[in-house]
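One chain, chain A, appears in both complexes that follow, with chain B as partner in the first and chain C in the second.
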Partner chain A sequence: MATDHKTLQPLEFYKTFLDRKSRPDGRKLLEFRKMTLNAGSIGTADGSAIVKCGNTTVICGIKAELAAPEREEPSKGFIIPNVTLPSLCSSQIKSGPPGETAQAATQFIAELVNNNIIMDLETLCIKVSKWAWVLHCDLLCINLDGSLLDACVMALVAALKNLKLPIVSYDEEMDKLISNPDEKMGFDTIKQPVTSTFSLFDNGILISDPTFEEEQLAAGLTSITMEGTSVTHMYKPGGCTLDEKQVKKLIQQSELKTKEVARLIEEACSSSIAER
Partner chain B sequence: LKTGIISQAKGSAYIEQGNTKLVCGVYGPREVQKKSDFSLNGQLFCEFKFAPFSCQKRRGHQQDNEELVLSGLLREALEAAVCLHKFPKAQVEVNVMVIENDGSPLAAALTCASLALASASIPMYDLMIGTSVRQIPKLFLLDPTKDEEWQPELNHDENNSNLTVGFMPSTHQVSAYVHEGVSKTEDLEQMLKLATEYCLKVQPVVQLCLKETVEKILSNEGEKVDE
Partner chain C sequence: METEENSIRALKCEQSVLSRADGSVMFSQGNTVVMASVYGPLEAKIQKELSDRMYIELNYKPKTGMPGVAERGKEKLIKTTCNHIILTNLHPRTAVCITVQEMQDGGTLLAASINAVCLALLDSGLPLQCLVAAVTCLVDKKDRIILDPCISTVKEGYKAMFTFAFDSQKYNLILSHCEGQVPYQLFQKAMVLCQKASHVIFDFYRQAVLRKFSNELL
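After this line comes the complex of A and B, so read on.
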């Protein structure tokens, strides 16, 4: 009977839960799902991480290449993010060229990268104007159940922390790069931004970490990226309005989530380093 | 081996064979995309994809030729195992994603896909197990890793080949047989025998996983009824 109501009138079904200040999966309105993080499990990638936010699962794999830096920015390397939503992640996604969701997510991550929110691109430079690292960061979602951006950012940050590249030095006289594949180095200067996604409903109700169904039913969506206690990026693509009080509340919630995620990333990275 | 890894899919499975990791999602039966193709039997649509970071050399995002060939092989093998006549005018989508490739991706995909199909309650004749055997002069290697696999550019001489077999243990039928390289006929026979013996050994593991999945589903249903 409950499932019939859910299929016929999903919004009404959902509103009955919201009136009682809870959600179908038993969470409170501003509670986020359990998150698990595992870093360094993929041997063929130079850096990797697997993140699970409830059911949403995102795998980040980083492959590094060498290239010449751009002329306008000769001391910066490249981070090329790419979010892929293959057709196995959800029944709504069809195979073929990347759809709207994937492209929007890729653009979001690219913005974070280009504004030096995650990592200073100058640390990727080997020789100014000649050689720099190119990090292809492929974020693969294998299960889409809402909060895609949160999981993507977490996976990317953890994979970057986990990244180990061979030490490369530039020989001026011979104009060549010398590297020893056995010596590897990581990058220490990686910041830890954490994104929190919230769904907005018309009557001023805010819920955090929405599932796929909740995202579909919501009137609007917003994602706040924070680092420690400062907001570094805010994303609100259209949708209904938000007033100042609501924004403050969201920032408070994001802070809580940021602490939790930072702890998870520390645990995951230190355990993977210990294994090596 | 694990099932239920993709909550959004009708059925899904994850397999780790040594370092080779792959995940498979099954959706369907769904309406066929091209309404013009009317057929009394159901159709199977397979997509095999390597993640960009899964191999030593980074792969592109579009399906390249190797993936298309593997998709076709997977589809032909699974068509033998699935009762297509049970869902006419519908199609079942099988999506395989290789997360890390350390040899024998097709063999792992065959096992994983058949487990995912079974957990999605798609009617099947039998489970399918995949194995690969590598032949080098004087030796047979079962389940080779990437370094041990046959490379088309390197190994041109006699008695050097790779065989991937898809085997249905209960009915003792071979539904996929992919051979690359040069071998003598007696060696081929022996490799097939090795592969099928191995599949029979792996069968209980797959069956146990499926049994656990069914038990879990039944206990979940029981809880729902109580509510």
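After this line comes the complex of A and C, so read on.
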């Protein structure tokens, strides 16, 4: 009976839960799903991490190479994010060239990178206008169940913290790079942004960490990125409206998640270092 | 000086510029010029057909070259905004095709595109639940907030640039898009400033519609 109701009238089915301040998976309205994080699980990548938020699973692998910085910004390195949604991750995703969801997610991460929210790109520079690191960050979603951006940002930050690169220095007289592959170092300037996604329903109800189903039914989505207690980015692509009170409530909730994620990343990174 | 810096640039528009489109507009905000067209409701492609509402197809065409990932990002922002303002459930199993053509970039293209799309939708006569007005503001390196910056101000460099869109009913937030980062207080201040400025755009919409219909009556 309940399954029939769910298939025929998904929104009405969902609203009966919302009216009673609960959700079909047993969570409260503003409760997050359980998150797990494993850093350094891919041996062939320079840095990697696997994140699970509920069922949503994202793998991030980072490959580094050297290149000349761009002329306009000679003291900056590059972080090139790429979010891939293969057709195995959800029934809604078709195989073929990247769809809208994947491109929008890539664009979102690229914006965070360009706004120096992830890390200061100048620390990736080895020699001004000659050499800089290029970090190809591939984010692969293997199970899409909502809140993709949250998982992507978390995986990217954890993978960057896990990144180990050979120490390279520039010899001016010889005009070449000198490196010692045995000595590796990480970057300690990586910031710790945390993205929290919320779904909004028409009647002003807010729910946090929506599943794929909830995202489809909701009237709008908002992603708030915070670092510690300061809001660094607010992404609200249309959908239903928000008033100031609701914005405050969202920020409070994101703060809670930020603490939890910061703890997870610290734990995962320290355990992966201990393993080496 | 203060008032001059913190006001919206001159708004101009010409509705029904395309003869075949159901709604079209040439919109300029200062030096930024955008053209938008609306075709619909049309028959939807079978894969795109939605059983309970209208499918919105949005194309953003840059001035030169092919649309890339950045344009896709813009398309998504404008499309979800349209999804809110159009009463999509009145036309199930149909599609509406909205095209935004960039004509001249004078800064604040995203805001201008949203305003142009709103005017084009008004021109097409599709039932809307509210109007939307988008305003961009910029926080410069001295922490001053500049409303509706022109391209030269943008090129000078900035700490952050925000685009907000508000609805015409309660002036609530529909869209927020950020570049750069500033303390939250400043962000909030910028949002309030944009909210006030959106009234100017709503007044402009009213005048545009009045002018259009008074012309038709004559």
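Assume the second predicted complex is superposed on the first by the 276 of 276 C-alpha atoms of A that agree within 3 Å, B and C clash if a C-alpha of one lies under 4 Å from a C-alpha of the other, contacts with A are read in each partner's own complex, and residues count from 1 in each chain.
Everything that follows uses one rule, which is that a contact is a pair of C-beta atoms (placed from the backbone, for glycine too) under 8 Å apart; a residue touches a chain by one contact, two chains touch by 3 or more.
All figures in this text were calculated on a predicted structure; none of them were measured in a lab.
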| item | value |
| --- | --- |
| Superposed partners chain B and chain C on chain A - clash or fit | fit |
| Contacts of A:G238 with chain B and chain C, given as first, second, both or neither | second |
| Contacts of A:I80 with chain B and chain C, given as first, second, both or neither | neither |
| Spatial angle chain C-chain A-chain B, Cα centroids [nearest 10 degrees] | 120 |
| Contacts of A:V134 with chain B and chain C, given as first, second, both or neither | neither |
| Partner chain(s) touched by A:L177 [first = chain B, second = chain C, both, neither] | neither |
| Which superposed partner A:L30 touches (first chain B, second chain C, both, neither) | neither |
| Touching partner for A:Q107 - first (chain B), second (chain C), both, neither | second |
| After superposition on chain A, the shortest CA separation from chain B to chain C (Å) | 11 |
| Residues of chain A contacting chain B in one complex and chain C in the other | none |
| In the complex with chain B, residue positions of chain A that touch it | 42-45, 48, 55, 57, 59, 61-63, 65, 82, 84, 86-91, 95, 98, 136, 138, 140, 142-145, 212 |
| Touch list for chain A against partner chain C, complex | 100, 103-104, 106-108, 110-111, 114-117, 219-220, 222, 230-243, 247, 251 |
| Sites on chain B touched by chain A in the complex | 5-10, 12, 19, 21, 23-25, 27, 47, 49, 51-56, 58, 61, 93, 95-97, 99-102 |
| Residue ranges of chain C in contact with chain A within the complex | 69-70, 72-73, 75-84, 160, 165-167, 170, 172-181, 183-184, 187 |
